[in-house]
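Listed below are the structures to be examined.
Both of the next two complexes hold subunit A, though its partner changes from subunit B to subunit C.
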Partner chain A sequence: MSEWVDACAVDDVEEEDLIRFDHDGKTFAIYRSPDDDFFATDGICTHEHALLADGLVMDYIIECPKHNGRFDYRTGEAKGAPVCVNLKTYPVKVEDGRVFIDVA
Partner chain B sequence: MSDILIIGAGECGVRAAFALREAGHEGGIALIGAEPHLPYERPPLSKTAPTAPKIIAEEAGYVEAGIALMRCSRVESINRAERRVRLSDGSALPYKKLLIATGARARRFPGMEAARTLRSLDDARGILDALGPGLRLAIIGGGFIGLELAATARKLGTEVTLVEAAERLMARIVPAEIAEAMAGRHRAEGARLILGTGVAEVRTNGITLADGRIIEADMVVAGVGAEPETRLAAEAGLEVANGIVVDGRLATSDPHIFAAGDCCSFPFNGARVRLESWRCAQDQGAHAARAMLGCEEAYARVPWFWSDQYDLTLQVAGLPDPSLGHVRRDLGGGAFILFQRDDAGRLVSASGVGSGNAVAKDIRLAEMIMEKGLRPDPTQLKDPAVNLKTVLKGVPA
Partner chain C sequence: MAKRDYSLIGPNASRAVETGLASAEWYHTDISRKEMKALMKRSDGPAIRDTIVWLGGMAAFAGAAAWLWPSLWSIPFFLAYGVLYGSAGDSRWHECGHGTAFKTRWMNDAVYQIASFTMMRNPVTWRWSHARHHTDTIIVGRDPEIVVMRPPDLLRLALNFFGILDVWHAVIDMARNAAGIISAEEKTFVPEQEQPKAIFVARIWVAIYAATAAAAVYTGSILPFLLIGGPRLYGAWHHVMTGLLQHGGLAEDVTDHRLNSRTVHMNPVSRFIYWNMNYHVEHHMFPMVPYHALPKLHEMIKHDLPAPNTSILDGYREMFPAFLRQLRYEDYFIKRELPPTAKPYRAEFHDVAPQAAE
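This part shows the complex of A and B:
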């Protein structure tokens, strides 16, 4: 079962950057890649409690602001110490200038 | 038989062990640690009330990676001629390559023998379990550990007096403006700060200050720096000078022995430095692992530190130089960053403080600007509307 949620407008996210999106008590992160694709992951680092929205996006990597844990935000893959647990990712679609994520 | 022995199962040694596997090493790896616990992260010890330790990897992770984790084991000596180490239980282990990652131990100055120190999980349990209303805690030293402990103690309602011999806090690592911002916050939270005053003696019921004043306390903790654990290296005849002397690859004066993390002194920007830094320990552990497998690259990462006190986080990239001026970037909400450039205009340090992760992104970008040796325009550094990512991507080296 899909549960598509309207997360933000396309223009809310700068290229090669991310924003925080809260829904139903959960925090997500919405990314816009350098080639203008959108992605979504959990919004909290898997190492220690830190908001990824405060972190830095370089190419396809989000780096946690607290201890520099790095993830590929397209797949959620943890890219080495100190993080070893992958980030959960969510399907994304763009319609009429809005970004939707499937939170189911 | 283990091809590679690692002495010290802290952040650095553990990281090195896993990095050896990641780099394709197929031989044996033994990781020798003195503590009874599974290797754990030390930074949280002063920042949070005692809970379960934050372990670096589950026990199964070591098993899966084929890392022989030896707890409660101490190395007594290194026999370089025969390439083996002797353990305190009398047994000997041979090695082809040896990594010394013994870290540092808490320092105590004369007169402070009765003070507790905070370095290990057992230290932390003894101190943090006692915090709360009704306890009078005296802390000697206004560095990261003392201040983090002060913040944790205040949050739990403990009465805190912190004594620092220097005229300001964190004089060794952060610029004065940042130290002042932090001091203001500690005072606002009810911690009593006594600056510019040394300690004459620690007694069971408090501290006698150098000026004769007496601070009554139920517990005294000294956070006055750390000394590198170099005994094994020195006794084995390796070069030691404020840390085990290593080259850019982190090799000691013996080509079969490497040293990394808090215990080593390594070349950086034409000088020798020894860092006490969680991230440096990790990065150097991984670097030493690759070097032991033959990688010739020099370790070149920019130093990076952080400290959490109350809801404030302080981050430093590079090594602040008191002789250089700075450019200030105000990020709103009281958060700010101080940048320093050398005579050639290259960025050499960025120190910031703010609520939560307010300064994190810019400090990380500053670090990358330093790694590339760029000369950013100070007006751009100053202007919070200028995204430092454009500076990183746009400035010619």
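This part shows the complex of A and C:
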């Protein structure tokens, strides 16, 4: 069962950047890629407790602000030490200038 | 009072977890996302330039030293080579371990591997130990990289200016890892799936040192060891001199880097060797900022930090008397004054560090 949630406006996220989105006690990260596509993952690193929204987006990589762990935010794949566990990703759609994520 | 126990598997390790000191929320100076993004921006240029100077300098000094060997004229060249090998290697290991030195991934990884070898730090084990150092900076029982434990062991520090104990431990660790054994302490911070990689690297290194030994026997000369391995001893002094200043004499068990880290202004040669890690409060607060942007970060947040020490000598003038005092009163530490423009230290930090210095 899908559960689409209105996360933000398209313009809330700069190109090659991300923002934090909280919903139902959970933190997500919403990304805007260099090609203007949107993606969503869990907002907390899988290594320790760190908000990915404070990290750095480089192409399709999000680098965690705490120990520089890196993930591919399109797939959630952990790209090497100190992150070993993949990030959960969520489907995203853009409608009428709004970004929706499926949190189900 | 019972002696401090710095073991990662001792009672202080569980105490830090119980009291919430482990993996705690740390103080950060406010800085806008826009400014931080500009500071975090990666580039290859500065690190490529510095790496050409570093490796080029090593090749030139090693070549000259080997050419002049065994004449005494070789000594200055060995000394310069040694500092690039056994001290500049430390900061390259550090920055490339964070992955911030270069924009291009493989360049970070390549320099990280070279510097790990020169510093005799297993690139797998030490990556994890350094992550823990950032999560739990100078938290007793949690941080595996506390260099000066209280009361300070001054003999140990003196020996390490020539890498003696570090190399001794490094050789034991390498031999143990090469034999396929991961110690109990290493297991506390290196995940199981990473452990075989640590063993693999240790075996390659053993092979390199075996080849160096064979070359020394074959040529009947110690020259191969003066070029490989040896510089970790005779060239270590600069990284120990600067490294001690990072946290020496400051607070333990606090969650504000302004209380446990030190920023020191330094001459340009030391800053090249140290790759700007003299901005140590800034680095710990914002580890995503590459070394070349740290002076800029310092300018932006210095209103919120204790005044930096004005030179290496000034840092030692502050730190060394604190070491001497800690020999008698191990709870003593230097509590650095904040400027009036800074946010005060939060009360809870004082509570976890009740024995503030005068």
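Note that the second predicted complex is superposed on the first by the 104 of 104 C-alpha atoms of A that agree within 3 Å, B and C clash if a C-alpha of one lies under 4 Å from a C-alpha of the other, contacts with A are read in each partner's own complex, and residues count from 1 in each chain.
Everything that follows uses one rule, which is that contacts are C-beta pairs under 8 Å (C-beta built on N, C-alpha and C of every residue); 3 or more make two chains touch, one makes a residue touch a chain.
Keep in mind that this is a model prediction, so the values were computed, not measured.
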Superposition on subunit A - do subunit B and subunit C clash or fit: clash
Touched partner set for A:84, first subunit B, second subunit C, both or neither: both
Touched partner set for A:70, first subunit B, second subunit C, both or neither: second
Partner chain in contact with A:51 - subunit B first, subunit C second, else both or neither: first
Partner chain in contact with A:23 - subunit B first, subunit C second, else both or neither: neither
Shared contact residues on subunit A - subunit B and subunit C: 48, 54-56, 58, 63, 65-68, 81-82, 84
Subunit A residues within the subunit B interface of the complex: 16, 48, 50-51, 54-56, 58, 63, 65-68, 80-82, 84
Touch list for subunit A against partner subunit C, complex: 17, 47-49, 54-56, 58, 63, 65-68, 70, 81-82, 84
For the subunit C and subunit A complex, residues of the former touching the latter: 23, 36-37, 40, 42, 98-100, 103, 124, 127-128, 131, 134-135, 191, 193-194, 286-288
Partner subunit A, residues of subunit B touching it in the complex: 15, 18, 22, 41, 54, 56-57, 61, 278-279, 282, 286, 304, 306, 313, 356-358, 360-361, 364-365, 389
